[in-house]
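The structure's right below; bear with me while I get my questions together.
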Amino acid sequence: MAGHLAFDVSHLFAGGLVLVSFMLLYQDRLYALLNVFALHAVVLAFSVAWQAFIQDAPHLYVTAGIALVLKGIIIPGALHRIVQRLEIHRQIETVVGIGPTMLAGMALVALSTVVMLRVTAEADPLAREDLAFALSVVLLGLLVMVTRRNAVSQVVGFMSLENGLVLAATAAKGMPLVVEISVAFSILIAFIVIGIFLFRIRERFDTVDLQALDRFRGDRQ
Amino acid sequence: MSTAFALIFAAVLLASAVGVVGTAHRRLATSIVYGVCFAASVGLLGLALKDLVSGVGPNDAVVLPLGLPWIGAHFRIDALSAAFLTIVNLGAASASLYGLGYGQHETAPARVLPFFPAFLAAMNLVILADDAFTFLLSWESMSLASWALVMAHHAIPENRRAGFIYLLMASFGTLALLLGFGLLAGANGHYAFSAIRAAPVAPGAAAMVLVLVLIGAGSKAGLVPLHVWLPLAHPAAPSHVSALMSGVMTKVAVYGFIRVVFDLIGAPEWWWSVVILALGGITAVMGILYAMFQTDLKRVLAYSTVENIGVIFVGLGLSLAFGASGMPAAAALAMTAALFHVLNHSLFKSLLFFGAGAVLRATGLRDLEKLGGLIHRMPRTAVVFLIGSVAISALPPLNGFVSEWLTFQAILLSPSLPQWALKIMVPAVGALLALAAALAAACFVRAFGVSFLGRARSPAAAAANETDKFSIAAMFILAGLCLAAGVFPWVVIDSLAPVVDRLVGAHMPIQSAIPWLSIVPISESRSSYNGLLVFVFIALSMSIAVYSIHRLASRASRRGPAWDGGFPDASPATQYTAGSFAEPIRRVFGTTLFRASEHVEIPPPGSLAPAHFRADLHDLAFEMLYAPLAGAVGFIADRANRFQYLTIRQYLTLVFGALVALLLVLAIWT
Amino acid sequence: MNGLAYYAVAAVLGVPLVSAAVLAVLPGYRLTARLNLLAALITMLASASLFFLPRPEPGQYLFIDDLNIVFIVLSTFVAFTTSVFSASYIAHELETGKLTPTYLRFYHAMYQLLMFGMNLALLANNIGLMWVAIELATLTTVLMVGIYRTAEALEAAWKYFILGSVGIALALFGTILVYMAARPIVGEGTDAMVWTVLMGRVATFDPALLNLAFVFLLLGYGTKVGLAPLHAWLPDAHAEGPTPISAVLSGLLLNVALYAVLRFKLLLAANPSALAPGPLMMIMGLGSVIFAGFMLYRRRDIKRMFAYSSIEHMGVVAFAFGLGGPLANFAGLLHMVMHSLTKSAIFFTVGHITQVKGTQKIADIRGLTVTHPLLGWGLVLGVVAIAGLPPLGIFMSEFLVVSSTFARQPLLAIPLVAGLLIAFGALFLRLNGLAFGEPTGSTQPVKASYIPMYVHLALVFTAGIYLPPMLVLWFQHIAGLLG
Amino acid sequence: MDLIRALAIQGLQMLLVLALAPLLTGFVRKVKARLVRRQGPSLIQPYRDLLRLLRKEVVLADNASWLFRATPYLAVATTWVAAALVPTFATGLAFSWSADLIAIIALLGSARFFLALAGMDVGTSFGGIGSSREMMIASLAEPAMIMIVFTLALVAGSTQLSTIAAVFDAGVGLRVSLGLALVALVIVAIAENGRVPVDNPATHLELTMVHEAMVLEYSGRHLALIELAAAIKLLLYLTLIACLFAPWTLAAAGAGPVALLDGLVCYLFKLAIGGFLLAGFETSIAKMRVFRVPVFLGASLMLGFLGTLLLFVTKSV
């Protein structure tokens, strides 16, 4: 019974995470994107906390805390600041339109479930479902990264991807080093954010101006 | 036993190569290096001759713990390798002797001295090798050393280009050979030749091996259309190295071909010979036509090498055909002819390149159009170059004729072949050979006539001086050998007998037993030739003529200006040039084979502008095969190069794509 | 008795870590450079000693077996020679003011940290630990690539950083999946991440999870190996970073990443019902060879060119391991070792060349054999070696790869040979200009440390004609393990 | 005893060709003159010319080398040796085996080689024009000749002239291939001897000269020798045709004096016919442009090859 409940709740959170990822895909305004990401982080935090509860693995609360505080509050805030400072225009130029992106997202989710369903069931169903969702979140995060043109939104994509990882890690019952990993990742993300801030990287992710190409891709004469 | 000694000599060569790196005393170093090379080559020559004459022990093999670990480096001298060792070291010794003199004038000795001995050693090791790895290692080292020698005068852009094309083609050939040996050795990597012999490959694979070896060895030997590098690279090197590359290295390539096709590959199929014969015939004619149209003396020689390679491969092809149809005697005849020509060509081609080197040293010129009248300035060089030219034009009583004659005798046996294709093809190939021989005569009348005869076409040629004594000595030795091999061919044929026996299981009748020392391929009634008698007759009747004329007729003679149809002392520019000499043949053969075209501009009457004549030739092999290839690579490179300038997001897209693709693979195929 | 081995392991890991900390604070170029050198030396000796000492029991986190000891000895050796080279290289950078003492301190600290990361990754008996270590190594190199702080350098570092991070993420996901696969059999906790345990019981793991895991790991670590199409960071990182780092990247980091891939290949190979990892590796390898071959033609930056040649050779190695079988695996190992030595030697040479000529543009460097014979001929020798010409080591490995491929998969051998030939042409086309012809640029003599590069080339040369039987047996044993 | 006779015959034949050669030339000239209703020089005019030339002094160009002076002797020697090996009236030559048909062709090749060199030695444009054209013609004539040799050798199973002659004498029936070979051989002979329509031994008009241009610088005894060599070559080819395609009444080895005499007479008769036909042909046809010669010779090459192929068809050897 309890197992059943546990299953449903974690299922709920994981599914919610995927849903939020779709919302990320859908956004076309920078601030909105950041807010949605904050939501993403919060959902993750809850799901991790729930895992900590049902697996009674207290150290997972740390991870949940990091997720909530760092990704839910600090980083979105920092990014807000950056967007203001660097006058990144608020409109997100996407490579392909929202619609196709959403379709691609659907396809990816389908793909990940198909792949995961091949996993024999004796790896316990909870893990199986969670992994399916985690994989979708990861893929959707990558999709965000490759379909958005400017740095901030790509960072957001990367972070959502990484949320997927944490989801997977927590779903893996009794996996060691989860906390360390989440910490390491937080540092990584901090690096990226700082990098954006320091190097004034606006659209460097995807510069289209040829002169910049010549300057930075070195190998031309 | 002698294998071990041979290896020691090779080691000596390598040691001298290493020892000379970065030395200060140039003259001294030159003398020492070439001295050592000379000594070592003579030693190896002695060994090889001993083995050739007294026969080789069956298990005269050496295995060193080098090369592929679990196989080791196998070395072995059998009859075949003994024969080729003789040829190689004959050339090597003479080149070293020549180098003793010629090398002293080298402008960049530091770029020649270390690589020359290494080159010699590598060639010897190729022939000594008895497993695939050692063979290919030495083979490619040979290319590498010669490449370094080609690059010796790297300041000249053409030389750099030549070096590049050479090394690329060489490596292409080596990879082809590598694939071939991969097939022969099988999946478990039995690379030792003994193991390869023990496990013959399937017929289909064998055919594939043949093709690969034709590409590999053929590209090194210079079979058309794989010859493009040869006329670029051979002339670029210092002349004694050119002599080695043209006279000896191509023979090493022939050795590789024989080793695989007649020794390792197992029973041949008759249709292989069709391929080889066709290639050989085409190569012979195309090679000599190319040579006919060159104005660079060394390039003329290089192209004529292509021709001679063609002749050799025709011999090999015939031998294969006869062997496959169970006619050992005929096969032996053809093989003997081929090997004999291998020896001959190594002799006179080295000789001619030495001559060209002497001319180059004396005048600083390789361009025929600027030479002329050297017979007065360099009498000795002229004599030996003349002998070389007569020999390479396959004229009696010199050696070139004998091998050509033997080849024709083999061709005359073709009607008894069972296959109709060959019956009809071989005579045609024979016609091609005859054509090649006649053109060779024309080509060398041109080469000798324009450079040594007539009047000097440039001050440099007018001021030329005879070359040094070492060079002269080397050239006279080779010339003497040419004459000897032409007058006493039976010696060569008999000493080749064991080799031929080993390869085709039969040999020509022992010639030394035949009265009057004439040579008889099959039977007295069928055909025979006696170089000695012909030589004696010519000498005799000539002296009779001289004697009687000088006794009976007037001996008076007077010098005067040339008659020249009544135009007194025209300038040297009015002489026939190399270009004009080739013109009739260019008109006959060039128009189709080379898309030859002539452009004449004659200024209108009264204008003082000079008239212009230009003859254009196209190297179709290059334009149809290599240029498109290079173009394709360049095109793809340009396309691929875009990937250097993508944005990070696009690179991420690549990663993402790869991931999705792999997941799809999982989703679908598992 | 085993105690010694433990000390040695401790030294291999500890010395770099400690010296990193020390170098971070010590001022003064001479001292730090020497210290750096010394640390590398000690590490090398320690790892060499591992080779002779009896093997300790594999622990929860660290272990030594036949496979990783090859890598550890190789990498500590190259690390040492590189530190020798780096000493003279950095001196010049300091003179020309391209680096300030502060950055120098940072540089040396990072250098040792990188060594620590790589050694840890190699010694790790725990897939999680290995992941952490490789990420550490990657991040340190990212910082070092950016050390010149020119726009290009920052660009390269940034590109490396982003692509690297994605790779990190993918690898981690793969690692988690492996744990998930192991957990039902091995049980929860650290054991489910320990190589030695996994290897023992992998046969009963869930194949589908393993397949999925391998896909992520191949992409994640393959990014670091530089296999096309994941290679994008590699050429720029090599070109814009300090040359010693280029040498270390090509010579070591790629190997370490490859080592990780190999480990997981072993894991999959041990599970009967999992998909065969070989074909994937062969395809990616072949693609890299051909792609890099074509890319070589349009290169104008000398370091970038040799970076692409690294991609090519990593492709060859991956192809060989993918092909599998004792012969091909042996060839792969040999090729990897030879490539590390040769490529780092080439980068040593190139480093001095670019310093003396003051440019990395191939077009501006001519006739080196005339102006700087030692450097010029060193470069010629290096290119000859890397192009797979005898009598140098790579010829032997390529001989084995090609011939065994043709005997087993003729159709795959053709594109392989084509790719090799294409790359060959490009390399010598460039070498013609670099080493020969009329010299251009400065002709003043250069203060260079020739020992490292010529030591490497000498080793490669020797290996080309003679491999010591002990080494051969050892390699054959590993080749057997790799299946 | 046999050896002695063989040697005697050999010697006799050598003298014979030497003696007959100018006569043949004279005969051809005479007939040609007659055919165009001229009186023409007497038969022995060539001898007179030779003697006259021999008595004159030689005028050498200033830069003529030793090669220029040696060539005439070499040309005569090689041509003479070649001629000595072709059975004229008897097959039992002492040394006929020392060189077969191929070798004989090659010997003539040597003579041509040196003449061409001599043509270039003085360094005049005429010499060059002659040499280059001569070599061009030869480069086409030689393969044709080889194809002819194939045809004959395939029929007779030998390249040894005496053997071939003996076989044909014994009779091999009438064959298309042999007919083709004959035509081809005639064409080659015309080209090799520089007769009309390929070349004209009588002309000294620059643009048409081939052989004459090559030897333009020669004078005195040298010229005499070259004329002699040319004459011997003509004789040689006629003899060759005779002994290959009309081998009848050739005295076999070891035949008695009667047979020898018989053979000799018949030989002279054959030569007369040959000379007559040649003269007739030359008078009836005009000289062709130099660059139509390749076509002409190509035809003979084709015929030779055709002969070889037809041989397979008629009798699969």
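Brief remarks follow.
A, B, C and D are the chain letters, set down in written order, and residue numbers restart from 1 in every chain.
Everything below uses one rule, namely that contacts are C-beta pairs under 8 Å (C-beta built on N, C-alpha and C of every residue); 3 or more make two chains touch, one makes a residue touch a chain.
Computed from a predicted model, the values in this text were never measured in an experiment.
Look at the CA centroids: the one farthest from the centroid of chain B belongs to A.
Contact tally for B-C versus A-B: the pair with more C-beta pairs in contact is B-C.
Centres computed as Cα averages put chain B at a distance of 44 Å from chain C. Separation between the centroids of chain A and chain D, computed from CA atoms only, is 100 Å. Chain centres here are Cα means. That of chain A falls 69 Å from that of chain B.
Rounded to whole angstrom, the centroid-to-centroid distance between chain C and chain D, based on C-alpha atoms, equals 79 Å.
The set of chain A residues that touch two or more partner chains comprises 115, 118, 142, 145, 204-205, 217, 219-220. In chain B, the residues that touch at least two other chains are 644, 648, 652, 655, 659, 663, 666, 670. Within the complex formed with chain C, the chain B residues making contact are 22, 65-70, 132-133, 136-138, 140-141, 144, 151, 154-155, 157, 160, 163-164, 167-168, 171-172, 175, 178-179, 181-183, 185-189, 191, 633-634, 636-638, 640-641, 643-644, 646, 648, 651-652, 654-655, 657-659, 662-663, 666, 669-670. By the touch criterion given at the top, residues 115-116, 118-120, 122-124, 127, 131, 134-135, 138, 142, 145, 158, 161-162, 164-165, 168-169, 172-177, 180-181, 184, 188, 191-192, 195, 199, 201, 204-205, 215-221 of chain A touch chain C in their complex.
Of all the residues in chain B, the ones that touch chain A in their complex are 644-645, 647-650, 652-653, 655-656, 659-660, 663-664, 666-667, 670.
Looking at the complex, you find that chain A touches chain B at residues 95, 108, 111-112, 114-115, 118, 139, 142-143, 145-146, 148-149, 154, 204-208, 213, 217, 219-220.
Contact residues of chain C toward chain B in the complex are 158-159, 162-163, 166-167, 170, 207-208, 211-212, 215-216, 218-219, 223, 229-230, 232-233, 235, 275, 280, 291, 294-295, 297-298, 325, 327, 367, 369, 373, 384, 387, 389-391, 395-396, 399-400, 402-408, 413, 417, 420-422, 424-425, 428-429, 432, 436-438, 464-467, 469, 472, 476.
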